[in-house]
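Shared between the two complexes below is subunit A, which has subunit B as its partner in the first and subunit C in the second.
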Partner chain A sequence: MNSAQLEIQIIASLVAIACAIPGTFLVLRKMAMISDAISHSILPGIVIGFFITQDLNSPFLILLAAITGIITVILVEHIQKTGLVKEDTAIGLVFPALFSIGVILIAKNANDIHLDVDAVLLGELAFAPFDRLIISGIDIGPKSMWIIGSILTITIGLLIAFFKELKVSTFDVGLSASLGFSPAIMHYSLMTISSITTVGAFDAVGAILVVALMIAPAATAYLLTTDLKKMLGLAIFFGVFSAISGYWIAHWLDASIAGSITTMLGLIFLMVYLFAPNKGIIAVFYREKQQRTEVSLLTFLLHLKNHNEESERHVNHLNEHINWQKVRSRSVLDLALKNNMITIKNNIVSLTKKGDDFTTQAIDYIITNENAQIEDMKEDFFLFRG
Partner chain B sequence: MNKKIAVQVDDLTVAYNYKPVLWDIDLEIPEGVLMAIVGPNGAGKSTLIKSILGILKPIAGSVSVYGKPYKKQRHLVAYVPQKGSVDWDFPTTALDVVMMGTYGSLGWIKRPGQKEKKLALEALEKVGMLAFKNRQISQLSGGQQQRIFLARALVQNAAIYFMDEPFQGVDATTEIAIINILKELRKAGKTVIVVHHDLQTVPEYFDWVTFLNVKKIATGPVKDIFNDDNLTKTYGINYKVSIQE
Partner chain C sequence: MNIQDYFSLVLNDYTLRTITLGTAILGAVTGMLGSFAVLRKQSLLGDAISHAALPGIAIAFLLTGVKDSYVLLLGALISGLIGTFWIRSIITKTHLKSDTALGLILSVFFGFGMLLLTFIQKQPNANQAGLDKYLFGQAATLVESDVILLSCVTGICLLVMLLFWKEFKILLFDEDFTKTIGFNTKTIDILITSFIVLAIVLGLQTVGVVLMSAMLLAPAAAARQWTNSLSTMVILAAVFGAFSGVFGTAISASQNNLATGPVIVIVASIFVLISFIFSPYRGLLFRQIRFIKNRRDLKLHKTLAFMYHIAENHENISHPHTVKILNNFHGYTRGTLQKLVDKNYVSLDGQMWSLTEEGFKTAANLYSQQSKKDE
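Let's look at the complex of A and B:
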C-alpha cells in the first residue's frame, strides 16, 4: 500500500465520520431527503464561489456554498409552510431549480473553468491525494484531508457540547422549547453543519457519495439499537467500514471508488435489514411465527384448565376439538412438554403445577394488561415481549 | 381567599395561518389549584398551553408566571405534551426520557450525571414504572408511556405543571394512579393545569375549571361554575351532566 492509497482511505474515512454524525440526526428527524436537496442545490454557490476565488478549496467558497445550503432549507420550509404542498414536494421544487442554475452557470462559462457537472456529482477520490496543501514549502498532505479533518473536528466538538440539546430537540420539540433549548437554533445549526460537511466533502467524494454516507450508515444503525449513542457509534462504524472496504473493492475490480463505497453501503444496509436481531424482517417473521405458536399454546393450556373430563383431554380429541392441523398440535404439545407445563399419560394430557400457575398468571396478565411482575416472565415467554 | 396568581394571561390571541384559534383570552390561575381546561376538539386547549409555555408565539397579548415573563421562569414550569407529539421510534429508553426532565435545570452544555439519574429513578418508582426503565419507549403501552411522561414532569420539580390530556387512552387504574399523584402535587402547594375531556370526572378530580372554546367562556372554582349553562355555552349543544354525586 503506497502513501496515496493510504491517504485516499484516510480521506474517505474522515468523510464517512463527518457525514455519519449529522446524518444520524437527519435520519431521526426524518429529513433524509433534505441532505439530497442540499447536496444538489449548493451547486450554484460553488460555481459563484469558484468564479470569485478561482479555487475549489477556498474557505470562502465553502462558506458561500454552505449559505446556499441554508437558503435551500429555508426555501423548502417556506414553501411547506404555505400548506399547499408537503415537505418532499417542496424539496422537489427547490433543489432542481437551484441545481439547474448551477448547471447553466457552468455551461455558460465552461470554457474558462475546469469544473464540470460530472466531477461535481461523482467526485473523484482517486485524485484527492494530488491536490496538496503546501505551507512555506513543506508538503503537509492532501488539501481535502485538511478540509474535511477541520470540519470533522468542529462537528465532533459541537456534538459533544450539545449532545443533550440535539437529543431532546430531535425527540420532543415541545419539551425542548419549554426547557429553553430553542428547537429552531438546533435545527439551523444542524442544517449548517450538514451543508458545510456536504460542501467540504463534495470536492473529494462527489455529491452522491456524500448523500449516501449521510443517510445509509445512520439508517442501518437505526435498525440495530435503541440507544442514541450506540446509533452514532454504529453509523460511524458502518460508514468507515464501507469507505475502506469499498476502496479495496474498487482497487481489485478497477472500478470507481465512490461507486464501490456506495455499493458497500447499500449491501450492508440490505444485510442488516434482513438479519437485524429485532427489527430485521427475518427476525420479525420468526417472531410472528413464534408468537402464533405461543398463542396456540396458551389456548391449549386454557382448554386443559377448563376441562377435567378425560375425554376432553385425550390427544386425539384435542386435535379435533381445537381444530388444528396435526403439525401444529404436535409443535404445541412439544413446546408445552419442553417447558414442563403438561404431562401425557396414556394419551391423556394433564397440566402440571407449573402449567397451571402459568396459565393463571397469563390470564391475569391478559385481563388486567398491567403488571410489573410479568417482566420476569417475559424473559422465558415470548408472548409477552414488546 | 387572596392567593398569589401563578399564571396570568392577558389579551392573548394566537393564530396558526392568520385565522385566530384563540381570541383575546384573559385568564388568572391562582397558586395551588388543580385546574381542568375543558372544551371541544379544536377549541384551542393545546394551543393555549403551548402559548403559555412559549412554544408558540402569540400575535397579541402576554403571559406571566408569578409576575414575570415565562422566559425568566422556565425552571418553575413542567409540561406533559399531548400524546403523539413525540417520535416514539426514537432510540431512547424510558429512563432516558425521564432524565430529559432534568435538562432544564442543567442548562446548556452541562450533562446529566449520577444525581440526575437518581432523581429519574425515583420518579419512575413513583409512577410504578421502575421495572420498565430500560425499555425502548415504543415498546410501552399507551398508559405506560403516559406514566413515563408524568415521571419526566415530576423530575422537573416545578411549581406549575401543565398536562395535555394525561388520561387519554389510559385504563381506570392508571387514571387513578395519575390523579392521585396530581392531588399529591397540589397538596405540596403546586399548581396543576390539566386538559381534560371526561366531563363526568371534573368535579371529583379538580377544584378549579376553565371553559374554553376559541374564547374563554368561564373560569373559577368547580363548585361555582361547573354547570349546564357553561357547558352548553362551551360545547354548543344542550349539555346535561349530573354532578349531584
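Let's look at the complex of A and C:
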C-alpha cells in the first residue's frame, strides 16, 4: 500500500463520515430525497463558480455551489407552499430543471472550460491525491483531503454544540418551537451543511454517489437501532467500512472507486435488510408466521371449548369446519398437543385442564380487552414458541 | 440553422424527422403515464426507476456482449422493475419511509451500474463504446426502428389505459373503496407501475437516466393546473409532453453544442412555469388578482359601512358631510370614494358627500346578508 492509496482511503473515509452525519438527520426527518435534489442542482453553481475561479477546489466555488443547493431547497418549499403540486413533485420539478441549465452551460462553453458532466456526477477518487495543496513550497497533502477534512470538522463541531437542539427539532417540531429552538433555523442549518458536504464531496465521489453515502448508512443503521447516538455511530461505521472495502474491490476489479463503495453500501444494506434481528425481512416474515399460527391455535381451542358434542370434535370434522388446509390443521394440532392443551382419543379431540384454563383466559381477554391482561398473554404465547 | 430552417427541414430530412417524431411520441407517452405517477404521489418513483435501470443495461451488455438496444432495454426494464419492487417492499415491510427507500435504491443501483460500466470499459472489447449515452441520452441516435418501437408501446399503453380506465381512475382516488367493491388492487397497481417503468426505460436512450424523471413529471404537473378532470389531464399532459419534445428538438437542432435531453427538460419546465402562473383557476397570477380584488371590495364595503353609521344619525340620510371626516378612516381613498360614486351609492358635491337612497339600503343590508348581490 503506497501513500497515494492510503490517501485515497483517508479521503473516502472522511467523505463517508462527513456524509453520514447529516444523512442520519435527513433520513429521520423524511427528507432523504432533498439530498438527491441538492446533489443534482448544485451543478449550475459549480459551473458558474468554475467560470469565475477556474479552480474546482476553490472555497469560493464551494460556497457558490452550496448557495445553489440552498436555493433549491427554498424553491422546492415555495412551490410546495403554493399548493399547486405535492412536495415530491416539487422536488422532481426543480432539480432536473437546474441540472439541465448546468448541462447546457457546460455544453455551450465546452471549448473554454475543462469540466465535463461525467466528472461532476461521477467524480474520480483515483485522481484526488494528484491535486496537492502546497503552502509556501511545502506539500501538505491532497487538496480534497483538506477540504473535506475542514467540512467534517465544522460538521462535528456543530453536531456536538447543537446536538440536543437537533434531536428535539427532529423528533418533535412543536416541542422544539415551544422550548425556543427555532425549527426553521435548525432546518436551514441542516440544509446548509448538507449542501456544503455535497459540494465538498462531489469531486471525490461524484454528486450522485454522495446521495448513497448520505442515505444508505443511515437507513442501514435505522434498521438496527432506535437510539440516535447509536444510529449516528453505526452510520459512520458502515460508511467508513464500505469506503475502505469498496476501495479494495475497485482496486481488484480495476473499476470506479465511487461505484464500488456504493455497491458495498448496497450489499451491507441488503444484508441488514434481510437479517436484522427485529426489523429484517426474515425476522418480520418469521414473526408474521408465528402470529398467524398463534391466532389459528386460539381459534381452534375456542372452537373446542364451544362444542361438547363428539361429532363436532372429530379430527376430520375439524378439518372442514374451520376450513383450514391439511398441513395447517396438522401443525396447529401438533402444537396444541405438544403444549398439553388437548388430548386425542379415537380421533376425538378434547381440551385438557391446561387448555381449558388457557381458553377461558383468552376469552376473558377478548371480551374485556384490558391492557393489563396483554402482558400475561404474551408470556403464555412465549411458552408456545419453545 | 435557425428555427425556421428546422421546421422546413423536418418534413424532408430523414434524421430530423425521426428524432422529432421519436421525442414527440416519447413526450406524449411519458406525459400520459406521468399523470398517474403525479396523482398517486409517486413523483419521485420515476427518478428512482430511471437510475435503477442502469445496472440492467450494463449486465445485459456483459451477458450478451452485443449493443443491441432491444437487449439493453430489456435489461433496463428488468432491473427497473426489481428496483421498484424492492422500494415497495422496503416501504411496506420496514419502518423506513418512502423517501429513504427511493433515495437508497436510486443511489445504490446507480452506483452499482457505474461500477459495472467502468468495469466494462476496461474490458478488451471494442464494442463497449457508447454505453454511457444512457447516462445523459442522445436523441441523435434514434433510428426508425426505435420510433416504431416507441409507437408500438404507446399504442399498447393507450389500449390498456382505455380498457382499464375505470379501474385506474378508481384506484387513483380511493384505494380502500376499490378494494371493498372487489377489484384486485394489487394487479391494477402492478399494471400501472409496470407501464410507468416501461415508459421510463424507453426514454433512457433519448433523455438519459438523470433527466428522465422530469419528462415524467413536468407535463403532468403542468396539465394538472388547467383541469380537475382525469381524462382532460391525461390528454393535456400528452400534448404538453409532445410539444416539449418537438420544441426541445427544434431548439437543440438549431444551435451547436446543445444536447437534446436537457433542452427538452427546460422546455417542459417552462410549460410548468407558465401553467403555474397563468392557469385560470389555480394559477398564481389570477389567484393574486382575485386576492387583490377581494381586498378592494372589502375596503369599499368598510367605507360604505362607515358612511352609513354617520348618515344613520341624521334624519335626512342624504344630509351632506365633508370629505374630511373620512380621512381618519383607513379604508378610505380618493379611489374608493369615486367608485362609490360610480355605483350611485354616494353623490359628491365639491368637498361634501351624501349617501343616496340606494347606497343607504345597500349599506344597511351589507352585514345582514339579506341582499343576495355580492359586490
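Things worth noting here:
Quick note on the criterion: the second predicted complex is superposed on the first by the 290 of 386 C-alpha atoms of A that agree within 3 Å, B and C clash if a C-alpha of one lies under 4 Å from a C-alpha of the other, contacts with A are read in each partner's own complex, and residues count from 1 in each chain.
Here is the rule we use: a contact is a pair of C-beta atoms (placed from the backbone, for glycine too) under 8 Å apart; a residue touches a chain by one contact, two chains touch by 3 or more.
For clarity, every value in this text was computed on a predicted model and none was experimentally measured.
Shared-chain residue A:126: touches no atom of subunit B or subunit C.
Residue contacts after overlaying the shared chain place A:363 against neither subunit B nor subunit C. By the touch criterion defined above, A:222 reaches both subunit B and subunit C. Of the two partner chains placed by the overlay, neither subunit B nor subunit C lies in contact with A:315.
Contacts of A:91 after superposition: subunit C is touched, whereas subunit B is not reached. Looking at the shared chain after the overlay, A:337 reaches neither subunit B nor subunit C. One of subunit B and subunit C touches more residues of subunit A, and that partner is C.
222 are the residues of subunit A that lie in the contact sets of both subunit B and subunit C, per the superposition on chain A. Touching subunit A in their complex are the following residues of subunit B: 17, 50, 53-55, 71, 74, 77, 79, 81, 85-87, 90-93, 97, 100, 103-104, 106, 108-109, 111-112, 128-132, 136, 139, 141, 143, 152, 171, 173-174. On the subunit C side of its complex with subunit A, the touching residues are 38, 41-44, 46-47, 51, 89-90, 93-97, 99-104, 106-119, 122, 132, 135-136, 210-211, 213-214, 216-218, 221, 224-225, 257-259, 261-263, 265-266, 269, 272, 276, 282, 284. Taken together, the subunit A residues at the contact with subunit B in this complex read 28, 83, 161-165, 167-168, 170-175, 177-181, 222, 225-228, 230-231, 368-370, 372-373, 375, 386.
Every residue of subunit A that touches subunit C in the complex is listed here, in rising order: 27, 30-33, 35-36, 40, 79, 82, 84-86, 88-89, 91-93, 96-97, 99-101, 103-104, 107-108, 110, 117-118, 121-122, 208-209, 211-212, 214-216, 218-219, 222-223, 250, 253-256, 258-263, 265-266, 269, 273, 279, 281, 284.
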